[in-house]
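Have a look at the structure that comes next, please.
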Amino acid sequence: MRVDGRKNDELRQVSITRNFTKYAPGSVLVKFGDTKVLCTAFPEEKVPQFLRGTQEGWITAEYSMLPSSTQTRKPRDISRLKLDSRSAEIQRLIGRSLRSVTDLKMLGERTVWIDCDVLQADAGTRVASITGAYIALCDAVNDLIKKGILKENPVTDSVAAVSVGIVDGEMLTDLCYEEDSRAQVDMNVVMTGSGDIIELQLTGEKQPLKRKELDALLEMSKNAITEIIKVQLEAFRD
Amino acid sequence: MRVDGRKNDELRQVSITRNFTKYAPGSVLVKFGDTKVLCTAFPEEKVPQFLRGTQEGWITAEYSMLPSSTQTRKPRDISRLKLDSRSAEIQRLIGRSLRSVTDLKMLGERTVWIDCDVLQADAGTRVASITGAYIALCDAVNDLIKKGILKENPVTDSVAAVSVGIVDGEMLTDLCYEEDSRAQVDMNVVMTGSGDIIELQLTGEKQPLKRKELDALLEMSKNAITEIIKVQLEAFRD
Amino acid sequence: MRVDGRKNDELRQVSITRNFTKYAPGSVLVKFGDTKVLCTAFPEEKVPQFLRGTQEGWITAEYSMLPSSTQTRKPRDISRLKLDSRSAEIQRLIGRSLRSVTDLKMLGERTVWIDCDVLQADAGTRVASITGAYIALCDAVNDLIKKGILKENPVTDSVAAVSVGIVDGEMLTDLCYEEDSRAQVDMNVVMTGSGDIIELQLTGEKQPLKRKELDALLEMSKNAITEIIKVQLEAFRD
Amino acid sequence: MRVDGRKNDELRQVSITRNFTKYAPGSVLVKFGDTKVLCTAFPEEKVPQFLRGTQEGWITAEYSMLPSSTQTRKPRDISRLKLDSRSAEIQRLIGRSLRSVTDLKMLGERTVWIDCDVLQADAGTRVASITGAYIALCDAVNDLIKKGILKENPVTDSVAAVSVGIVDGEMLTDLCYEEDSRAQVDMNVVMTGSGDIIELQLTGEKQPLKRKELDALLEMSKNAITEIIKVQLEAFRD
Amino acid sequence: MRVDGRKNDELRQVSITRNFTKYAPGSVLVKFGDTKVLCTAFPEEKVPQFLRGTQEGWITAEYSMLPSSTQTRKPRDISRLKLDSRSAEIQRLIGRSLRSVTDLKMLGERTVWIDCDVLQADAGTRVASITGAYIALCDAVNDLIKKGILKENPVTDSVAAVSVGIVDGEMLTDLCYEEDSRAQVDMNVVMTGSGDIIELQLTGEKQPLKRKELDALLEMSKNAITEIIKVQLEAFRD
Amino acid sequence: MRVDGRKNDELRQVSITRNFTKYAPGSVLVKFGDTKVLCTAFPEEKVPQFLRGTQEGWITAEYSMLPSSTQTRKPRDISRLKLDSRSAEIQRLIGRSLRSVTDLKMLGERTVWIDCDVLQADAGTRVASITGAYIALCDAVNDLIKKGILKENPVTDSVAAVSVGIVDGEMLTDLCYEEDSRAQVDMNVVMTGSGDIIELQLTGEKQPLKRKELDALLEMSKNAITEIIKVQLEAFRD
């Protein structure tokens, strides 16, 4: 039995609230249990230097944790004048994940800015961010279509993510902080709606992983993502 | 009649939600209409260099706006490597306001970190921050008392704040963004529960202020703060 | 009797030296007693991004203290890679004060850079800065007129500033450092030549202020500013 | 046939030169074809704050590309005042990989600083870095043993890494830049000497990956790593 | 005849005002013609890390130009977040020059902070800085002696500096800006009171220098420094 | 006899390897004994702001030491967010030295970026950098000629550099680290192929220099540079 009473392959309560704030055309509060992330999408009619004149668009993501989102207060990046390295890594992951399901030529020469701000962190913030940011991206893109700026929807597939891991020899789905901090193996999986793998980040810092353990974790994550996609679909229905 | 149907001396709906997140012992979501700020208070058993060995404590505040909190996306401070000047000014104001109602000797050699993170900005974020941060401070201090770290409550008075201004020749209470951006005169007032002035910031960048106009604005702000204090008291009752 | 023998409502010796250095068209050394600030004004034929194409001009101020201007050496901002928060607050105040007496449309699409560098600080540096910067601005604007770049003078009123406060229960005009560091209440007032209020910053960090005390302080500051304006006028006569 | 004539599952020439420079006790030049990385290991008798007093050690890595290591000159991080995000991600990966094969308690309260400086980049710099840094770490640890600072060898297993990917539908081992820039799928695998997985980073930004493709890529990478470990062993023999 | 009517080997008017500001125990305004630099010396009872426990002291210098000190406004270092490279070079020169005439063991484990802030620049700011900073250092050291902190004077010799150069084929002493900007060769010489060379920086960016030209420039600089030392001696007499 | 068995006026083994890496058109590994510097030259079809539209080109240099190039690990600039002051000084020197032998009008409106990255430092890194960077510059310029971008060679003379100094009363050529750290006088000389002086930096921090000692050091450096130029010429012959 897990610390919060879940079965090994059970997700925490996943919930998605659209239009959480009013300025960004995509604004989603996503919860994986006690992990809460505000994911927003703001289109801008400009692209980075390397894309100017190519008629291609871009999706870029920024990830940050509020100082009060962690067990002990986390100092702000600006007070140290350095972007947190872990944040840098995560925001690159979010950006790649969303670009992989977007036709950037169809998006046209504009950028969609994705912001994932963690209000409360109980592990799994990066997978929650990807799961929520996908909805925010869709809402922002639909707003561009409604305004006549885009003709067609450049989002080509859905995307969701989950973390799985091995804790005290047990394979677990959707680790909470207490589990995550003791995990031997930690794996984040990003998949399309059709079950293909977009990103996979596996870390066995505390214990290397056998090949067949990887197979089992992949199976677990696929099942979990199927559940998460259902929550995404329900959110669209609202 | 104002843009949102209010009377000139009428506040927007002010609401205060305690325990909004779970890690900080003081965590408050404060709303002044569509302005929403997460105010948290985290005690730390350390003081800044200049207070070491003095047995006196400190309260320090940080203020920041989420990129998605404004009408057009606001770039993060860390991307420019500079703390926003307006944020610097506001966080100094919040810190002074809370210190003015706290007996720092009684607080003992520890710091209370106040974080005010604006989730959605519709003007008045600094006065909402002070109003909410006061509640977060009280909750954090009570937590210290409950844990036996503090014997007595060092908070000596309550504090609340409001903005008033002159828009198109009309004196208005609690300006929303649409009013604020057109205001000739903008005044932020911080008062104690007993109606004395802690901080007053008046800016007549677009039109200097006559002395008797100041008197009228002070009257308006005192009335408004009386209302806000009622909401604070109700929040404690919950 | 005050530490330097002044009466409660007496200013320190205020003096203004124009053309203190030779490159900036406006270059003023202003002294309020032992407080000495070099205020310069440099026009530039460019405006910030947000004003391009609007045919409106801008006035921006920067404020800094020399490392040797304070009782113990003050480390330079660049050595900490951070603009001092207090400096950030003060330079915003100086900029607003000067813009409030300037017709920015008449100034045309150019910027006037105001630099206030404190050579020696004995309290009141911000009000000395505003008082001196106004003269530097006028000299720079007159230089633009002389060169035929401007036709009319966009400066619409004069501006001066003073600090007042309550120290050991006494209301005092133009606090020196020894008084300022013990003040219960500290108030900076910026007024036009006609006696209207442009900016008012009141801080009662150590003791909240009663309403009638505010009235008395405002009266004191108005009288002091009348004296300061006389010094400004004399400076122009030279 | 690949651009450089290799078979699909063929590594580039991998070579390892120890003692490449004279100050660091571990100093290795590693080449994967035209990719050349200088990997050094410098022990320091200090640990980061969070480990003080725990009698545990730490291994930390920094990764950087020389400005002249890329096809067009890469500006230095210091000129932009920001650590490159990709470098941040890679150096975290290198650090985790080496820590996973080191008993940090046995290392004792000291840090080993790993520096991976890319002299020439032709793709695969992160896997070359890990492969070379392992040798540098071993040399530095042996130096600590020789000096009597360490009694036992805290390195518990060997570690090597390789990149594999899918280019134009073909699965390829050890991509060079020309292949890497066209890859649909890119995967970096870090394994122990015994063939277990330490880290796995898979990116299908341009095309999601089927499960059985992943299986095939894992097989390829395992074979390649077996070859690389042989080169590591030879390097030790010298 | 030179632009300002001087003979080729003639200095501009050199003047030294001690006690220019009141907080630093050494505070000197030095002028070389229109070049004006405020040089101050602040002792601090601390040394940099590398000297702790050695009972040796340190002298460190910082050099900066006020934004208004140059013909067109010079942006502040903090606005670019980078110390100006030329300033970095100059402050290292000033520090070395003063340390070369100070017995750091006799100074004891303390630092003297030298600040050279250029109020107005008309070329020669670095040599004026050294010339003035020497006086400020002496005043600060004498203050330490007067306070009983130092027993003996650790300053072992005097130091002064001058610039010489070749402009339009003419060898000139103490170049002003108009000359300096056209110079083929520019040389800064720092000498002791006894005429020995402490520092020599020669730049022939626009035209390499013949050996016998160097001899002639050295002769000129020695003569000029003899004059400057007289001014220093007079300053002490006041 | 010197620590490494050399005669007082004897250079260490100087060697120059061209085409050390493959992307920069000029890429040179230069060694002065155990001092090893990678010098590269990358042309860019752009000039700094102040040269736009002038049809003149620019040569700019950056100098950096790898963390592992020194006896104890040198922290990276980016980890302190500050360009090392000594590096700032050296890269200015390298840039001036190369510009002094280049006709910038003939170079046309383009920049040549020189990067000098020290792989191993045993004193004399700045003079090795200049000596090697000259070769890299020539190779890059010849590449521009070969590509038809330049018609004529804008490099007008050769340039080489050496350090000389006084150690324990002995005048020595090309100091190694052990000598350099004990030197009373340290002098870096940059000369053209025809023996004229381009740059001269003399530091007598530990002991002022007599005039006739300077003469002797200049003689020594001229002889040494004659030798170094021979190595440069041989390098071209390969």
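Per-chain numbering from 1; labels A, B, C, D, E and F assigned in written order.
One rule holds in what follows: contacts are C-beta pairs under 8 Å (C-beta built on N, C-alpha and C of every residue); 3 or more make two chains touch, one makes a residue touch a chain.
Quantities reported herein were computed from a predicted structural model and do not represent experimental measurements.
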{"item": "Joint neighbours of chain D and chain A, given as chain labels", "value": "none"}
{"item": "Cα-centroid distance, chain A relative to chain F, in whole angstrom", "value": "50"}
{"item": "Whole-Å gap separating chain A and chain B, where each centre is the average of the chain's CA atoms", "value": "33"}
{"item": "Averaged-CA centre spacing for the pair chain F and chain E, given as whole angstrom", "value": "27"}
{"item": "Residues within chain B bordering two or more other chains", "value": "81-83"}
{"item": "Topology of the chain contact graph, where touching chains are joined (line, ring, star, complete, other)", "value": "ring"}
{"item": "Ring walk, chain B to chain C and onward", "value": "B, C, E, F, D, A"}
{"item": "Residue ranges of chain C in contact with chain E within the complex", "value": "21-24, 27, 34, 36, 38, 40, 42, 44, 62, 64, 66-73, 76-79, 81-83, 113, 115, 117, 119-120"}
{"item": "Residue ranges of chain D touching chain A (in the complex, touch as defined)", "value": "81-83, 85-86, 88-89, 91-92, 96, 99-100, 157, 191-192, 194-211, 214, 218"}
